[in-house]
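Okay, so subunit A shows up in both of these, paired with subunit B first and subunit C after.
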Partner chain A sequence: MFLHQIKYEWLQLSRDKWVSTLLIIFIALCLFAANNGSKKVALRQAEVEASLAVMRAADSDFKANIDSVERGLKTVEPWLNPRRLNFIGNRAPRVAAMQPAPLAFLSTGQSDLFTHTIKPTLYGESYVLSFGELSNPVQLMFGSFDLAFVLIYLLPLLVLAFSYNLLSSEKEQGSLRLTLAQPVSLFAWLFNKMILRFFIMTTIVTTSLILALVIAGIPIVEVFSSVLLIVALVTLYIFFWFTVSLIVNAFGRSSGTNAITIISFWVILVLLLPAAISQLANSLYPVPSRINMIHEMRIAKSDAEKVADTILSSYYRDHPELAQRDTTIQNQYQFYLGYFASQDVVKKSVAPVLEEYQTKLSAQQQFVESFRFISPSLLLQNALNDVAGTSSRHYDSYRSQVVAFAEEWRAYFLPRMFNNEWMTKTDFERLPTFTFHYGQVDSTSSADIVGLLVFAVLTFVISSLVYRNISRKVLIT
Partner chain B sequence: MIRTIAFKELKELLREGRFRVMAFVMVALLVVAAVISKNYYQWVNNQHVTAKENARNVWVSQDNKNPHSAAHYGTYAFKPKYSLSLIDQGVDKYAGISIYLEAHRRNDAQYMAAQDQTAISRFGDLTPDFILLFIIPLFIILTGFNSFTSERENGTLRLLKSQGVSSRILTGGKWLGLFIAVLLVIIPGFILSVLLLGNVQDFGEFSIGALAILFLFYLLYYAVFTNITLVVSAWAKKSNIALVSLLAIWMVACLGMPKVANRIAESMSPYPTQSQFVAAVQEDERKGLDGHNPFSAEAKQLEQETLKKYNVDSVQQLPFNWDGYLMQKGEEHTAEIYFKHHEQLKTTYENQTSVYRVASVLSPYLPTRFLSMALCRTDYASHWHFSNAAEKYRIMMMDKLNMHFAENSTYGDWDYLADKSLWKDIPDFTYEPVTYSQILSSNLNNIGVLIAWLVTTSLMLMVSVKKMSIL
Partner chain C sequence: MLEAKNLSKSYNGQVALNAVSFTVNKGDVFCLLGANGAGKTTTINLFLNFVEPSGGEALINGLSVSKHSLATKKLLSYIPESLMLYPNLTGLENLAYFAGLSGSKQNKEVLQSALSDAGLQVDAHAKRVSTYSKGMRQKVGVALALAKNAEVLLLDEPTSGLDPKASNEFSELLNKLKSRGVATLMATHDLFRAKETGTHIGIMKQGTLVEQLTTDQINHTDLEKLYLQHMN
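Moving on to the complex of A and B:
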């Protein structure tokens, strides 16, 4: 019976030219989106590569220069001497790059807001590094046409187009009376109709995704578990929308009314609810004020600068390990050491302001993110950004990893400067390097998938309850 | 006759439960969005007032110090929010809020709100512009998609035609009926915004004229959507097809086109990344403005010229401190470099804008979006205007500080401390926004495109109703 029904449904669907047109449009949109995504990722990758290439070229110049100066072939102004550690620490910064994650093309996420190549220098203050990317805000406002957009916004519409008249069309054609005269459960019969469409949709979406991955040149085997995760997420999302449609169908209205009701659901769940949640969460718990932070930071800075000039001696008191071992010669870095010492004083008073801000901000962001469990679209968005490595959490982590690296950079040079050493060619191999660790970012995808599962199960249970309590008479008349 | 049809349409709509629910939801959404935006606006404004005072206080309460140290300590310019931003937040979230004004560097605005928010906020915020630009057109479509198709399906179209109702009158009546239904939602929203805006304390003047023009642009936008809805309804055989086609049009116009235009704009004239921009500026600073006069050589030349001009043989004999003077020249030089690079950036931005203009031909949403932001002073052009004003102030400030140093100290006297009265002598940063007439004249294209949309869709409506089949 089941197979029989499926077979005839399939025949019916395959002869409908609307169905094939919609599916082809959807696949085309997926590929266009995937292409957009990969172009963005390629640009990001190229930017990182270019920065690294510039750095390497500069490194070999510095090495050559050090060689010439060491051999006395060349004389340079003392403040341009590449053998000086402070010169290298400041002029030969490492590129702290955030390489795109393998599946970054899936979702632009927050990646258009932040820069991916930071070069912390020795003189710079790690806590005020700017992570903003230069961009046209209109571009940011309109957002990008990526796979995440197609899956979150357009996929539900496709599902709805497939199912809005699941029951009503049978009713309008008069075939419902005939069917209900047979000994079949209405829900089981409708569910079968739905399941077939669900399988078609899932197959099409999975195929499009795999096609997109192949076109984007991503080795699927290496990211197999992530691909499985995405397929699972999308499948749940499709299932959720089908059951929503099933519930709407149960009320036995005309196809036209169903379509409007379902579209309204889409508008509410995909457009209004996320916007309202974002607004609500941010007004319940506002983002801490940057403006106040700037003010506090400036007060702290001006207070600290007043005392900063008198402190090199107290710096030695705090860091006896840094005192020069050979005390018979004058330290060539005397001036810079004083500068670093005073910088530390300023940092000690300014950094807490920023740290406090960052803590408050993280708490606020966590609060806002927890609201995603109200909407399946938000859950899917969060999960996709998570897999793509473009979520807010990834950029938070990038910030803290870079700040830690900036400290490491300083820690490499400072003790050697206190010891009055020179930079040598071979030291370049020993310079600290930065690699962004995606592993340090906690993944939320399991929570997201559970959230989506709850939504899917919930709507499924509701739909079966609705159909159990529905009177057949209401449906037929 | 037109009036009779319009009246009948309206009466029918008002009796329909679906319409009443939707209209109520629209008004409710507008009210909620307006109230939330008002609270947000006041919250931001209060912060702004304190921040502006704080920045000034911090600046004037500096101790006696070297003018150049003060220049490095710098100050902040905060971007004001104008009362109409209550209606359209525009790109505010994606443009920074404050600019750090310091020696030697033109900084970009820092701390865009979007960076501090999570990805949820990328879905948009429930603000009036969101409702006005996205949801109301959808409301028009859902209300009017079956204007003609249902008459055809019920067979009443044939009746109407047999009574000799001309297609012009029928269209006019249908159009008015639908448009008045939209007005029923919009007018309460407009009145509410006048009341809210009247109540809000703001920096700039609240101009009821600007609000009225904004309202007019939105009416044009809705007239375009009313036309499109009726065109499709006249063309489609069945209500379902009309609805699906209209939704597809809405998707393309409001969601698809802006993103596609983004893609084209980005590939045609890409923005430099932050690190590319910084590298280009540094490169110019290193090799001099035109690439052929390194700064140190230029400094030597300037020294010779100045010595000749004052007829002395060494910088010590000059009537001012050469260090301060040289620093000022250096400042002017870097300001020029920054100017050059920002002009290049501006060209890129204008090229991108022209892509959006072309895309406006396929989407009435785009010209309306740009007009609305422009009038609310939350568009990118307003941001540029502010950024330029801040830079102008920075140049003036650096000039005063350096020249004070040059005129009041002697060569080599880096220990010179200026009296703290100097900080007060530098006037506070004040910002005059772009005037409304300037806004309108720089947006003539958008206005033109919107009117062209209205004219074209009206013509299409006339043609399609004439050709409409009654069966």
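Moving on to the complex of A and C:
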């Protein structure tokens, strides 16, 4: 009976030009979106590459200069002397780049809000580093047309177009009476109709995804488990929307009413709830002004710098190992030594400000993350950003990895400067380098998939209950 | 065999059917006559389990329709006033689909001969139903009854809107089914056809079966007189 019904249902769908037109449009949209995403990723990669190229060119310049200065072929002003460690520490920073994850093209996520190349220097505070990127505000407002957008926003509409009149059309064209005069259970019969459409949609989405990967030139074998995860997520999402449609159909209203009802669900779940949550997060957990934070830090810093000398002597007491070995000459980095010492004091005095800022920020993020469970579209968005490596957690991690690297950078120069050393050509090979580790970001996708599964099961159970108690009169008259 | 036992139905206190009892045996054609709203369609809907009876029972082969919904539907075939099929499918495909739904999958030859037996021209078998006339669609309905080997046939004004020739053809099909021993319950306004093809006649008025007789008891003129007498 199942296969029999599927066969004739398929026959009908395949003869409907509207169905094939819609599916072709959808595949085209997927490919267009994937192409858009790939272009963005390429741009991002090019930016990183350009930054690295500038760095390498500067490095070889500096090396050549060091060589000339060492051999006395060239004299330079002291503040431009590449042999001085503070010069290199400030003027030859490493590029701390966040290379895109393999599936970054899937979802733009937060990537258009942040920069992917930071150059922490010796002077200046790592925690004040700006990670924001100046971008076109219009672009930000509309969001980007990536695969995640197509899957989260447009896919439900396609599902609805396929299912809003699953039952009502049968009623309206009159074939329902004859069907119900056959020995079939209404729910089983309708569910079979739905299942075929569900399979068509999942096949289309999976095919589009694989095509997109091929076009983007990503070897599928390498990202196989992620692809499987995406297919599973999207399958559950499609199933959810189909069962919503099934439930709405059970009330026996006209196709027009069904369409409006289902679109309302779409507006609520896909548009309103996410907006409401972000509004709520902003008013419940307002993030303190970043400008104020930086301002407070600067005050603390200038206070500390005024007493840098006294700070330095107490700093030596705490760090006897840093005392200069050759005491016959004056340390050329005297100013910096005071600065480094005052840094500790500054750090201590701004710690509460920084901590407050971070606590509030993570409270807001926590709120948004836990409330994603009220809408399947938020769950899918979260999961796709997670797979694409563009979630806010990734950028948080990038921030802290860069901050840690800034410390490492300083730690390389600090003892050498205290010891009044010079920079040599070979030192360039020993400079610390930065690699972004995606592995340090905890994945939330298993929670997301469980969330989506709960939604799908819930709507399925509701639909079967609704059909059990359906008034037959509703169907016949 | 069809049996109505004190069958009653009321919608929100409004009585649509009031303790109606009758029996349709194998090979009988029971014609329900009556004005619109007399309860003819309600009676048929009760046998299809489309509505729940407020009282009494509708039985098919001794099985209560409301208790054995699926089992009784295996036995019956139904042709509504306007039989609507899937316009995208051909007549043959529609027949195969509905026959399959009722659990009687048949091979193509059997289905084609059912269509031909039902009087559908062979060249129409493979045409989409969207090109069919009402009479042609009704024939697919009859073919379904044949393919299903239905023991019971429920007809709701099947000849209304058919031209006299199509209507006549339909009556002949009914005679064919009658000779196969199918028990038929037909709601109709056509007194002439009722007398011609029916074996029994029931006249309904405001939900009550006011008259039951066999067609050989009465001639055309008297049937019309009797009918009008009840209606006035």
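We take it that the second predicted complex is superposed on the first by the 450 of 477 C-alpha atoms of A that agree within 3 Å, B and C clash if a C-alpha of one lies under 4 Å from a C-alpha of the other, contacts with A are read in each partner's own complex, and residues count from 1 in each chain.
By definition in this document, a contact is a pair of C-beta atoms (placed from the backbone, for glycine too) under 8 Å apart; a residue touches a chain by one contact, two chains touch by 3 or more.
Worth saying up front: this structure is predicted, and the values here are computed from it rather than measured.
Of the two partners, subunit B and subunit C, it is B that touches more residues of subunit A. By the document's definition of touching, neither partner reaches A:S163: not subunit B, not subunit C.
Of the two partner chains placed by the overlay, only subunit C lies in contact with A:Q173; subunit B stays clear of it. Of the two partner chains, subunit C is the only one touched by A:A181; subunit B is not. Of the two partner chains placed by superposition, A:N81 touches none, neither subunit B nor subunit C. Once chain A of one complex is fitted onto chain A of the other, the partner contacts of A:S245 are absent, as it touches neither subunit B nor subunit C.
Look at A:S226: by the touch rule set out above, it reaches neither subunit B nor subunit C.
By the touch criterion given at the top, residues 45, 48-52, 69-71, 73-74, 76-78, 80, 82-89, 93, 96-98, 100-103, 105, 141, 154 of subunit C touch subunit A in their complex. Taken together, the subunit B residues at the contact with subunit A in this complex read 18, 22, 29, 36, 39-40, 43, 47-48, 50-51, 54-55, 58, 62-63, 73, 76, 78, 90-91, 93-98, 108, 110-127, 130, 134-135, 138, 142, 146, 239-240, 243-244, 247, 251, 255-256, 258-263, 265-267, 270-277, 279, 345, 348-349, 352-353, 356, 379-380, 383.
On the subunit A side of its complex with subunit C, the touching residues are 1, 4-5, 8, 11-12, 15-16, 173-175, 177-185, 189, 472-473, 475-476.
For subunit A in complex with subunit B, the touching residues are 36, 39, 43, 47, 51, 54, 109-110, 113-115, 117, 119, 130-145, 149, 153-154, 157, 161, 165, 255-257, 259-260, 263-264, 267, 271-272, 274-279, 281-283, 286-287, 289-292, 294-295, 298-299, 301-302, 305-306, 361, 365, 368-369, 371-372, 377-378, 381-382, 385, 391-392.
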